[in-house]
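In the two assemblies presented below, subunit A is common to both, partnered first by subunit B and then by subunit C.
The block that comes next holds the complex of A and B.
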């Protein structure tokens, strides 16, 4: 390695000294990166500072030792069960969004008439916002909504099916708002895979299932992992829909809601900060697991690249 | 690879393309291609970009459905089969190696798809690796290989199945000049040792001439000529093919008189201050518009100014090309001509040129047919 570096050095006997930027570039320093400094400061102020403030606040409860807020949270099942409630919503919703996106994006890779229109239809829910989605869900799936009128009218059920103000309402809301993100990401990952690879596999005798499993899926898997992480984070911070179409006192009392109640109903900022920290920790844990799986996967299929 | 393996299912004695055509969005990419490929043959599909040669190859591979026509493998119709059922090997222009698989696993892929016993997969994979001399690189990923090595993997992956037909889509176009020559020899060597029937697409006439047993020249989706390299080199069927086969000097002239009849008649042609004797490639008569075609290497510089087929010209541009010079000269009438010579000419030299009658091919020009665009005029540039 050092040999190549020496060889690429500018000759010291050159007509004139190379400029500063040139010498920095030799060391892999690009001065234009300095333009990033304002943005980095901005991020530090908007993210790192509040995070640090919240972190120290969580260790400074009004009474008790530094860990008292965490102790309060983890000793009360009404509080710590929110972790499972949130995971129970976010994990299946993120998984469904990713898994449902794959076949649709797979079919939509190529060029065809009406592709733009179809993409718009699939992506429009992004622009709706949670509140509008909740409103729609209540109208459509509520006890007196079109869906239940149809179900009861057709005699498929004796009484309206309870699909809002419970787990399913929040789940549907997460799918509606989360799907477009997952779909767009996976579509771009899939479009990045050279279609001639599949053609090559076909000429080698692989049918579509084998092509998908042996070629497309392994190449797509890192993208699926990334998409799952993003979809999960999005779903994990669910708050408005948990209140509007869920059952905020019971089965959809999610972490964000617990933190909100601690802060603005009990005015216990330390506990609220502790819940926020727990939330962050759980998210990081899930992401870490996914990323470890992703790196395993790559090492396996690349045949020991190192 | 033993001859016993060569007798695998899918062998044919004849592959027949019957009026194969393909349209894209109302535009004809390939029209009415009739071609019979005999087992063991090396066929080159040749033509400029957009002539339909890759379309023909993809139709043959099963990657593109036909718009018209049919493909027959002996008495079996195969154009309705998907690519994976045809059992043809294909080498792509971009190689299309699976980036997440090692060289060995790339080569083994097709064998595994055939559900062959594991021991046989391993044995034939190793054979394939040896065939293209990549033993040291067998565990590397395609991304760690050079272009030439990747190309060899792509070829090994296609031929390791001993397919009844190997399709190659401009496989050398992404390599540098030196490697291209090496791989050309390699492909010819493989074809000779394995005897695999091959269809090879290229826009490089030299590549096609040196590799193929028979060439198919396409233009605007239509077959212009099918023939052996000798036939195409010596006697292109029309001036478009001549242009493509290296006849750089194309002169639009008029027939003065014809002696003898039909093909190979001696035709005197004139125009642009020249009067030349050439060989008619089709029926022509006095007064017809024709295109006279001659290769640069058949334009000879002579000392004496007297005699038949003499052209006086002034040297304009000289390109050094080793033993020979590529020279552009201009006639008194302002027509640029290209020639190759071992004489050391310099710009400004006055020279006398001649062309043998047999080397000047005279092509009839159909009424209304557009003549070749005049060569770039140095005065206007």
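The block that comes next holds the complex of A and C.
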């Protein structure tokens, strides 16, 4: 490749100015950077350019001023309520996934037989994908499904409980697909914390509450924030399950669905781009808030084996 | 379920365990029972004959798999899925690994910006950039066929490889490279004979994670695929949202086929990927 040229390069005593390339190399700019070029070109062509195109498209509606698409979105409650619907699904789901992972991962830190098997079983839902989860939830939680049979059979309810084709169907689907990710990350963060720290605290007479509150939690908090961000990103882009197990015309009409409908059902690409931009902005806002909070926490070595 | 599969010796001690242990394992067991119900109901239904309101179907048959295989043209779909995911894996490794080498070893002006540009496609919801991307791809005639699907799936995959590989390369001692150079290895020999073998485990891990992600990626494929370039997830979605035309059970059978494919991939992945690497990857993310 062009890199081999580096060796046969004429010596700096050549006629060209030796100073510039030398000074650039001092700052880390040399031919190795060429390795970066394909990736940068790729991101520029397939991410930055389409994104810019979408941004420009969102300000260029078929009729009306440059802000008309955004005005359409923000003046219609059917449209702008999708923001709250999406947040109302994604925030609780991400929070539950992260918070539920902590005690489970905490109990799973030690060594015991079957730990690997249990990890695999907890992680299996990753393979289910949104569509099988949706199909399974419809079968299992539906009015004639096993869950409602058990509930009615045990006398917990008189009639089958409505758990699919509404908010809860989508919420369960988010928990099933999102929990394994959160759990894996939290487990790896927790195993990265040196257990001797907690043992030291125990010898000093701290009970488990104090140990968790004063030792584990501060060391885990940055990991919690990161996991929450990733879990939130995953839940925020909910789309197939909102259609399949939710009520896509009403209470689970999420942002992604609104954008999709604008693009492929109304063929209003400007409005679709505008909704997509709003979606990106809302998500980045939430992440930014979490990361700002995270930057104020301890961010050093956790002393573990990681 | 699996909780009781823990060591019997340990389990005996756990019985007098703290209430909090009982609570946690109880919640886990509840989750797993319901999960088994969700998966099991699809599995049972895909093998069942007629199933209305009873606990189990009236009889069992394997014919739904045959009919799903024929009706949905699953051979073509699986073949397309395979081609797309292998192409995505190959290209994203080829583009991503050299870039992560530079990011791991060099400090240059604008590095933070480049890093941020690689981070954004992972942080953004796929629909946000997927709709403009699909529009652009349609404009240049890429969408609607396999090249469009591959290109769209590369957008999150290349940054993913970069973010996974950068910490992996960082932990390789740079003096190994220096030693190789001193012993007279050229840049090419250094990459192929010294760095390459050291990178194989990391590349394998990244490749398998990308494979799992690509097979499961719904949104981007959905937005860019044409009728003959659908992957398994997308064609499953169409089969399900067009329910009523086809028997519920053949959709179930198809879902089971999809899940078994993913399960095999995941079990393979878990052999190569350990949680430590996961942390290393994620620790890089929020910078």
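Basically, the second predicted complex is superposed on the first by the 262 of 306 C-alpha atoms of A that agree within 3 Å, B and C clash if a C-alpha of one lies under 4 Å from a C-alpha of the other, contacts with A are read in each partner's own complex, and residues count from 1 in each chain.
Methods note: a contact is a pair of C-beta atoms (placed from the backbone, for glycine too) under 8 Å apart; a residue touches a chain by one contact, two chains touch by 3 or more.
All values reported here derive from a predicted model rather than from experimental measurement.
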item: First, second, both or neither for A:67, with subunit B first and subunit C second; value: neither
item: First (subunit B), second (subunit C), both or neither touched by A:107; value: second
item: Contacts of A:157 with subunit B and subunit C, given as first, second, both or neither; value: neither
item: Subunit B versus subunit C as contact partner of A:277, first or second or both or neither; value: second
item: Partner chain(s) touched by A:99 [first = subunit B, second = subunit C, both, neither]; value: neither
item: Contact breadth on subunit A, by residue count: subunit C or subunit B; value: C
item: Subunit C-contacting residues of subunit A that also contact subunit B; value: 305
item: Contact set on subunit A toward subunit C in their complex; value: 1, 3-4, 6-7, 27-29, 32-33, 35-36, 38-40, 42-44, 46-51, 53-55, 57, 100, 103-104, 106-107, 112-115, 117-118, 120-137, 139-140, 144-147, 149, 176, 179, 184-185, 187-189, 191-192, 223, 225-227, 229-230, 233, 236-237, 239-240, 243-244, 255-256, 259-260, 263, 269, 272-273, 276-277, 279-280, 283-284, 287, 291, 294, 305-306
item: Partner subunit B, residues of subunit A touching it in the complex; value: 194, 196-197, 199-207, 210, 214-215, 218-219, 301-305
item: Of all residues in subunit B, those that touch subunit A in their complex; value: 61-63, 82-84, 86-90, 92, 94, 96-102, 105, 109-110, 113-114, 139, 141, 144, 157-158, 161, 167
item: Residues of subunit C that touch subunit A when the two form their complex; value: 1-3, 5-7, 10, 20-21, 24-25, 27-28, 31-32, 34-35, 37-42, 45, 52-53, 55, 94-96, 98-99, 101-103, 105-109, 114, 117-118, 120-129, 131-133, 135-136, 151-152, 154-155, 158-159, 162, 186-188, 212, 216, 218-219, 233, 236-237, 240-241, 251-252, 255-256, 258-259, 262-263, 265-267, 270, 275-276, 278-280, 282-283, 285-286
